[in-house]
């Protein structure tokens, strides 16, 4: 999918609405929309609905591929049991304004939904989606993507990346999909100059420099091994003391992908639905027998950390964290993953 | 505000006692204006304790959150006391928990802090969105003085205070073993201005307001988990048979969840506002809780969390309770 | 796009066998796929599992307790415990359920050819072993000595009594039953399964031991196998976790980085010792 | 799961507004429904046999019957299930008669509603759980409240069956209203003559313990195991010692100065008294509100009664006692009050001595009454007597019901006047004469034949009684005025003043008219909705003596049944507490009116006493953790029922 | 002109609309009252479908909310008159719960007239019929419930 030589263009800021208007008939456009001081990715019908002066969406755009609630199929109950497959949407979508970190999160969770059993719900939407990113010029307090080999202006996991370089956007086409999206609207774009490229680099550097909080993981492999040695450390208990066991961190995490499956019914019909679930809840692992392999909050907090920084790297060779800082921003008791991981590195085995 | 040295000394004294397991207080958080709950098991750990206008958390939530794994053979139950730093509204939650017999009074040592109001972190981060280093916040009369990068900034209290604090009727903890500092008397009366304004609106407007708010709900249940009085062993939303509230996240289920949560706190909510603070989706949850608080005050002359001997609101009745809308 | 892995095939309950009654009842359900093509296509090996759906109630993960050598149906044994299993117990022959699978790994039946097998089960834990036993009995010549050690609390809690009656008459098969407490008319061993294992005293030579059952039993069985000289990689067990998807996505059944549904349920003792994670 | 649905046509009661065929057809398709049928009378033997056959042949495990109110036939059908070996609580009844076919006219809509209701029931049925009936042992004793003729009858009958009976009477003597009557209609037996032997029997019966001058003040427990609190008021006379000689009363300083309530204040008594000469027990009682010693602590130099009493029976130190009785069943026979005609001032009652009530008239003509049976008013024998019927009865403003006895007692009283004052002029104002009982019509004809004038007036027509010298003028619309010497008002029977309080103590219901409510007006006229408590006599509705006695006998039989059985089934519907979920908040403890919920301080959870629990479910709906399940009305069942009723496919 | 027709259409729709009303009636008073209305052949609209419970105290506010979720346009709770509860106090407890619930529903914009409570004794058949008429008319006027109802997009 990736194109070898990235094509680079310029889109004047005042042309952006035109571009969006041009692609709106073909694509459902999810863009950042402000509501009650928060930003959400929502379908828009006209460019004026969106806001691009934002740091990041409260709910990560993983929700556009991996719906919080999804009907897997419906069935009829009673005498004539029938299963009716849910129709998978063939709607083409553009996630506009997605941050590079969130785009990376999708690449991170892709293998889970792919593995031996392809998840049709996620993959259909993922394949039908074009990610048009927007570089993060003003990282927030808790942004730390650079600690995880990310960059606020990296086109790596995107189809297209836009970078605000003053009165215009520096446009990088990073995939065939991205190219195709621009193809029909080529007239709005002009090729980027070296000066533009330099400008982009400057903007990126400024943004990188603005990220002041750092998580200290020097070597991923070493850190994974380190965690293996401190699994039983009392450290986890001290972290978990504060934890309330709410699911805010998991629901808002762009790489968390756990779900629950439930049947919802009326008298004669029903649907099997899946909803986001959270490993922070005791019910998550509770056996019908009453046994719970992760009975205490300590087990669950540790599992969450290990899942991202130990199990995931073991299985998929990457840390399942992009450094977006949402879990830090939204923890009611200031459990701070930067702090947790940095200090874990210092714990003696 | 409280003298921190006095607070630490008190906590050190407590944790040195054989019958005290640990004391829950506040310490400096990891960035900016964050303050975080802190557990002192030893006098050294008590050194971390602080108290400032940033100490918003209601620590009484931890009283019912402590997990007690089943005892092993021969193991004895740890019956040592837990110490707790409480503000006015936190103390009401403690009273309510004790009243509901969730805990025994003897199992607690309560350090009361007369409270002159705490800062809403949402309000302060809007003003200083990129503050990473910890900030010293002091109170001076009607102002807060913030020392940021060596410079002092004076901000009127009203701009930063939680709304709940502006009409607090019980700023001095109604229950305590030790009271640090002088009692703060309230001259305020909860006016429920916001509630009354909304009440008067047309049904359609009210529904628009709330459905929009509930639509945002992602059912992370932070509101529930942060609430000191939501301590059911199994919450109704987690029950599967019967399943009253479907796990689907949509307007109907979200509305019902939020209504049930509020209803469940009828006559129990101490008004600490933690639910709203914890909500990542900015749902004005206290407006639901306060509404019920107002109603039960008016209908049944009932105030939660101020009297240890009070019986639960919904477990009793008066023969002449309101009949207004009964056919 | 491949077939939707979450969507079950319809299967009819062909027959139900009451294994154990009472509070913790166990029933074995024989399921026949409605679609003939599925019936043909569905292949599995002992140890593998299926997700059985009761529409409107939910899904549960069960080890297949019949053997791949038995064609045209699969069987699952169900302990009545939660919402779905209780509802399953209410079902009658002719009722329709959903089945998807097979999932998970399996006993290494080809790798174990020529070896002596010691199969140690307790209670409902016998279900996956039953599949293996049938498989081995049906391919008897390819395996060495077969020791089956199975126990339950009382004689009424023993599953598959009919099978055992047959097994006892089989040559080269040593089926040793036990119950925990003495009962009138019980001629087999009285005592716990790990003790019965010591009594049977199988040789570790060229042998594989597989144990399934309650965690506490497994713990002592493994200890005793060690005493008998079995090494870590000679001992296998199956694990259980709360499951939802069955295909390694929903997240909850992990032990460390392994998912029981996908990477298990069969693990060697050696493997388990190296996993950091809650079991 | 196999559910059988049976729809009853109830003759045409249901079928005329509900298309049962369509109902059966539609519900056939519901999940889990194995069979649905309709039949003319489901409750009939063939109807029941139909269900039984299906249960056996089709192996049904739940049964839904759509017919009349479950308050009527639920037990019938539960028995059907039981007889086939199915748990009786696997039954669900749908009310498509009282709450559907009888109250709606449009066939289409009633049919739709019936389908919705049945769908709800079917949905609920699949979640029904088997319940075990609970048995409790029965204390082989009974309590009868009220010592009137009904109470006496009930007590005697229970006692005769060999069970101990406490007969509680609030006044100093048993006998009740009947003791106040002179003659009884239509046979003109002397009331006292037929009642007194019964009173004596009751007093003498070894199984009956009389508790006169006593009141029931509290009740706890349940059928088979009631705990009754009885307040025994002090008589200030030692009952053991008093022989009823009456010397004390004769000696009393207040002799002849206190109006006697028994004579409706027409006669006079002492402060120490028996209400009437045949009182049982014949023990004297000191009126604490009148007795000088009790009021002032001193009565002259020495209380004369004390002096007079040879047996030293008088004891001013007696105190009120609270007795606790354990009984298995209770018969309530608390009788009635009479309408107070002061509420209808137009009759002049209370203003003019010439206007008296029927009961006052009874005392007047009674040989043991204040005048020794001589009819006199203002010291003269009346020549012109007017009777007015329906005073406080059949009157929307006061009491809407008919008191049933006034027509006949008025006829009887008129007859008595004629007998004693042959020349008297008698006019009876009536609206309808209701002479429905045995011998009533004959008696009415006889009285008419005696020259007594019956004048009809419409119920709405006012009658006015005004003073005319020492007589009164009775003015009636459409009739000439009558200058009468005596006006007798036939006042109606009304519920006792304290019946509300008693209904609360006993936890039984009152109907709209204030009388105690029977469990079923036709089929369970003696039962209340509280198991183990039965009704007899006028506390349930106005009755004449034979009806009261008949009902008392019936109530006695009902009350004796559990005593004879020795055990009784109590409500299987009760709360269960899941100890794993219970948080021990003890909220429910305060809620339960029956103290069925107890805190287990060791396990720190609540426990529910099955037998004490009445199954109201208040605790379950208040339990914050949802630890309390209300059997037979659990969340799952109700949820399913709502779902079924509202199922879109059906509602459309 | 155009406007009037629209209003008329709207009115007509309201008239045609048959609300689904769920009644939770206590066994001892209001259910008996409903039975009496039946034996007295008092006519009332068929929209109310009764769920019998032992006592109004059994009615958890969640029942009401759930009924509205599952498609009831209105809910009627029936209990014994104050002081007459078969279980002494269930109706008093229910009354408190109801008062709070009603206020709360109103506050979030759900017409509180959709949830009503009534005291009907076993002898008040007429009252029961009248209440059902009144409630049905009122809810018919309010139209189908727009809030709370489960959409079940599947």
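By written order: A, B, C, D and E. Residues from 1 in each chain.
The criterion applied here is as follows: a residue touches a chain if its C-beta (ideal position, glycine included) is under 8 Å from a C-beta of that chain, and two chains touch if they have at least 3 such contacts.
Keep in mind that what you see is a predicted model, and the values were worked out from it rather than measured.
Set against the C-alpha centre of chain E, every other chain centre is closer than that of C.
The busiest chain interface, judged by C-beta pairs in contact, is D-E.
With centres taken as mean C-alpha coordinates, the chain found closest to the middle of all protein C-alpha atoms is E. Using CA-based centroids throughout, the chain positioned farthest away from chain A is D. Chain E has its Cα centroid 47 Å from the Cα centroid of chain A.
Note on chain placement: the centre of chain A and the centre of chain B lie 32 Å apart, centres being C-alpha means.
Chain B and chain E have CA centres that are 37 Å apart.
With touch defined as above, residues shared between interfaces to two or more other chains in chain C number as follows: 83.
For chain D, residues that reach two or more other chains under the stated contact definition are 580, 591, 622, 635, 639, 643, 647-648.
In chain B, the positions touching at least two other chains are 236, 241, 244, 246, 250, 314-315.
Residues 71, 74, 86, 264, 266, 269, 271, 273 of chain A are the ones touching chain E in the complex. Chain E meets chain D in the complex at residues 18, 20, 22, 27-29, 31-32, 34-35, 37-39, 41-46, 49-55, 57-63, 66-67, 70-72, 80, 83-84, 86-90, 93-94, 97, 121-124, 129. Taken together, the chain E residues at the contact with chain A in this complex read 70, 152-154. Those residues of chain D lying in contact with chain E across their complex are 69-71, 95, 97-100, 102-106, 109-110, 112-113, 116-117, 120, 500, 503-504, 507, 509-513, 517, 529-530, 573, 591, 593-594, 614-618, 620-622, 630, 633, 635, 638-639, 641-643, 645-648, 651. Note for the complex: chain A touches chain B at residues 35-38, 40, 58-59, 68-69, 140-142, 212-213, 238, 241-242, 244-248, 250-252, 260, 262, 264, 273, 275-276, 278, 281, 283, 295-297, 328-330, 332-336, 338-339.
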